[in-house]
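A single structure is presented below for examination.
Chain lettering (A, B and C) follows the sequence in which the chains are written, and residue indices restart at 1 in each chain.
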Amino acid sequence: MVARHPAARAGSPAALQGVSLSLAAGEHIAVIGPSGAGKTSLLHVMACALRLDSGRLEIQGQIPWQLGSRALHKLRGRLFLAPQVPPLPPRQRVVTSVLAGRLPAMSLWASLRSLCYPSDIPAAQQALAQFDLSDKLFERVDRLSGGERQRVGLARALLSPAQAWLVDEPLSALDPIRSKQALQTLIDNARARGVTLVASLHQVDMALAHFTRVLGLREGRVLFDLPAAHVTQEHLARLYDQFEHELHGGPPQDFPAPALQTDPTRPLSMHCR
Amino acid sequence: MSYKALWFALAFLVLVVASFASLDLQWGQFLSLEAARSMGRFFAEFVPPDLSPIFVSKVAVAAWETLAMSALGTLLAAVGGLLLALPNNRFFASAVLNALRSIPELVWAALLLISAGLGPFAGTMALGLHTMGVLGRLFAEAIENAPQGPAEALRAQGVGRVQVFFYATWPEVLPQLMSYTLYRWENNIRAAAVLGVVGAGGLGQLLSFHMGLFQMHKTATVLGAMVILVALVDTLSYLWRRALKS
Amino acid sequence: MSSTLQTQHPKLRDPDWTRRWLGFCFFVVLLWPILVATEFKPWILVEPGNLKITGQFLSSFWPLETHPEFLTMVAQGTWRTVAMATVGVVLALLVACPMALVSCRVLSVSALGGRMGWLPFAVRLLVRWVLIVLRSIPELVWALVFVRVVGLGPTAGVLAIALTYGGMLGKVYGEILESSDAHATQNLLRNGGSRVQAFFYALLPSSSSELASYTVYRWECAIRSSVILGFVGAGGLGQQLDNSMKMFNGGEVATILLVFMALVAVTERISNWLRSSLS
């Protein structure tokens, strides 16, 4: 992939400025940096979920935004984006949520049939087992803790037909032991399939320990793009200047369970009767 | 008190006074002693209600017909309303929905009687059409306001629109859609009960028939059945909605 | 790492499947008698004979009846409908307010010390039951009954609206009052204020905009109700519509329908504007 000089939405200061980046297939990259550095924007740009204001994005030799909508859709199927907040409908069951990762490869009829009866329970279970969640197979998403939901979101990646995984803060709700397990699982699977893995992380130590290449973003600009071994304390100090508390990571955040929209026992009395 | 509030109060007062003045309300009709006595006599005719087994079974059949009308009408309306809530281009669909819900069920029934003849079919269709307009608009709002996270994630994966709807939007909005539908059922059981007055079958038809013949005992039974039926549906709807909440 | 986490499970079945399948069968089993009871035969609508009648009726909608005399009549009917709704809602307020106040637990003096006394509790329960009964009987039924007593005309319609809407307003007022912050009210009661004082100084100010908003909204609904009541002799637009339909005068029906739809749209606009400026 080649991305050159993207600047972002109008009005606000550019989320990414002068970013120039090139990835080979199968590479593993960690993106680190303080809050507001543009890590999420970068991943969204790479996933073709965010348009560039200026600059060029090229994926496997194609320019995504110039493709027809059909071709763009197919291209998207080869990219898997895992947002920071797990994108799981609260009342859906885990098995359906995980199998949804396979949707780009399923025909319409197969996907509808899978809603009535899940089409590949063993595969879903295997994926969940790798994140230590196989006993939650038929649970509802809103009955899981924040960390469990995050792991379900990651398990989706294992079932997707994508050739690139773009993972945004995959460890934010996990404690240190689970973080290590989850990251190791992701990396092992990515390596086994030859998938390109780009992960934005707050846990700098994990990034340096597990990834071969580390990208440092600050205020939308690339501060350094180095092999992990060459990243020094000085680099980190400059990167996290004025954000030192983030350098040492915080306790796992917990995403509150998404609440049901309204109280069904008292619907809006705003219609006649 | 601000000027705006003053204007409101004034306009409101004018409206109220003009309304009272222009309608020739026969206050004497029900505020005098004579009127009270005649009303008392009238209401006394309702007691005792006719509880003979033959008639009660007739009322039961009519009650079942009314219940079926309300249930089927609401169901058809939910399906139709959902179909009309889905299209992205809201202009045509909104126009249709507004037209459907502006016209009250009774008017629809009167119109449909011409095409469908007397009987509960016209009543069911009338309920269905009007409620479709109401539910369609509520459904469209619910779908629009649903949290977009799951849908966006699937779209970013290149999943088609229909699949995005079923895997992301549908699970999010289903409890709310069902709650709206059940709430409308409560309204529709009352509407179904009265549609019979114009000839659409059920308890309403029985009511207007016996009231026309001044058979007040039978009328009282029918009224009692109406109250029970309404209470039954209200309770069922409330319990179901409470189960949805958990 | 992953292979140690992987465990051997036998092929799992979806536990929800049986439940969903049974639910579906239950639904289908229930649907059949419903279709029979409602005489659901949609093909009747497209039978040639019926289609012809429908076509004739629909085509008679155009041209619209625009004779000035008729239009004046329609305008008068519209005003009578609005007037009937307004008077009905005002009378409904007279019914609803005392009942809402009585049924509201927040104003209970006996509950200040803990449990409510049995007599106040019984009174509150009774009032709630009365409100439920008032709400359960459709206004059309009330109107039918009142037409027998006070004769044809708007009085029957006004009374019907007053009773039914009194029940609705009473219930919702009660709910609004109960859900408002009880702290200030209870404080006044504890310090020895009377219930009326507590109501005007604490309860009403905190919920007034919600109460007003709901009342305006109900007035909008009352206008639609009074059109329906016209069908049983209460006058106004509804009665005119009924007359025109009985005479199969499509042009008049179309005009009245359009006027009605415009009335609904205008009232909705006014009601939305009033409610948004109240909050």
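In this text, a contact is a pair of C-beta atoms (placed from the backbone, for glycine too) under 8 Å apart; a residue touches a chain by one contact, two chains touch by 3 or more.
Because the structure is predicted, anything quoted here is derived from the model rather than measured.
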Number of hops, subunit A to subunit B, where each hop joins two touching chains: 1
Farthest-lying chain, centroid of Cα atoms versus that of subunit C: A
By count of C-beta pairs in contact, the leading pair of chains: B-C
Rounded Å distance between subunit A and subunit C, as computed from the means of their C-alpha atoms: 48
Chain centre separation in whole Å, for subunit C relative to subunit B (CA means): 8
Shared-contact residues (touching 2 or more other chains) in subunit A: 272-273
Per-residue overlap in subunit C, given as positions that touch at least 2 other chains: 224
Residue numbers of subunit B (touch at least two other chains): 190
Parts of subunit C lying in touch with subunit B, wherever the complex brings them together: 33-35, 37-41, 44-45, 50, 53-54, 57, 79-80, 82-84, 86-87, 90, 132-133, 136-138, 140-141, 144-145, 148-151, 153-155, 158-159, 224, 227-228, 231-232, 241-242, 245, 257, 260-261, 264-265, 274, 277
Residue ranges of subunit A in contact with subunit B within the complex: 44, 47-49, 72-83, 85, 87-92, 96, 100-101, 103-104, 106, 108, 111-112, 115, 160, 162, 258, 260-265, 267, 271-273
Subunit A-touching residues of subunit C, taken from the complex the two chains share: 1-2, 5-7, 9, 11-17, 20, 172, 214, 217, 220-221, 224-225
Subunit C contact footprint on subunit B (complex, rising order): 4, 8, 15-16, 18-20, 22-26, 29-30, 35, 38-39, 42, 64-65, 68-69, 71-72, 99, 102-104, 106-107, 110-111, 114-117, 119-121, 123-124, 190-191, 193-194, 197-198, 201, 207-208, 211, 223, 226-227, 230-231, 234
Touching residues on subunit B, where the partner in the complex is subunit A: 134, 138, 142, 145-147, 149-150, 152-160, 162-163, 166-168, 171-176, 178-180, 183-184, 186-187, 190, 238, 241-242, 244-245
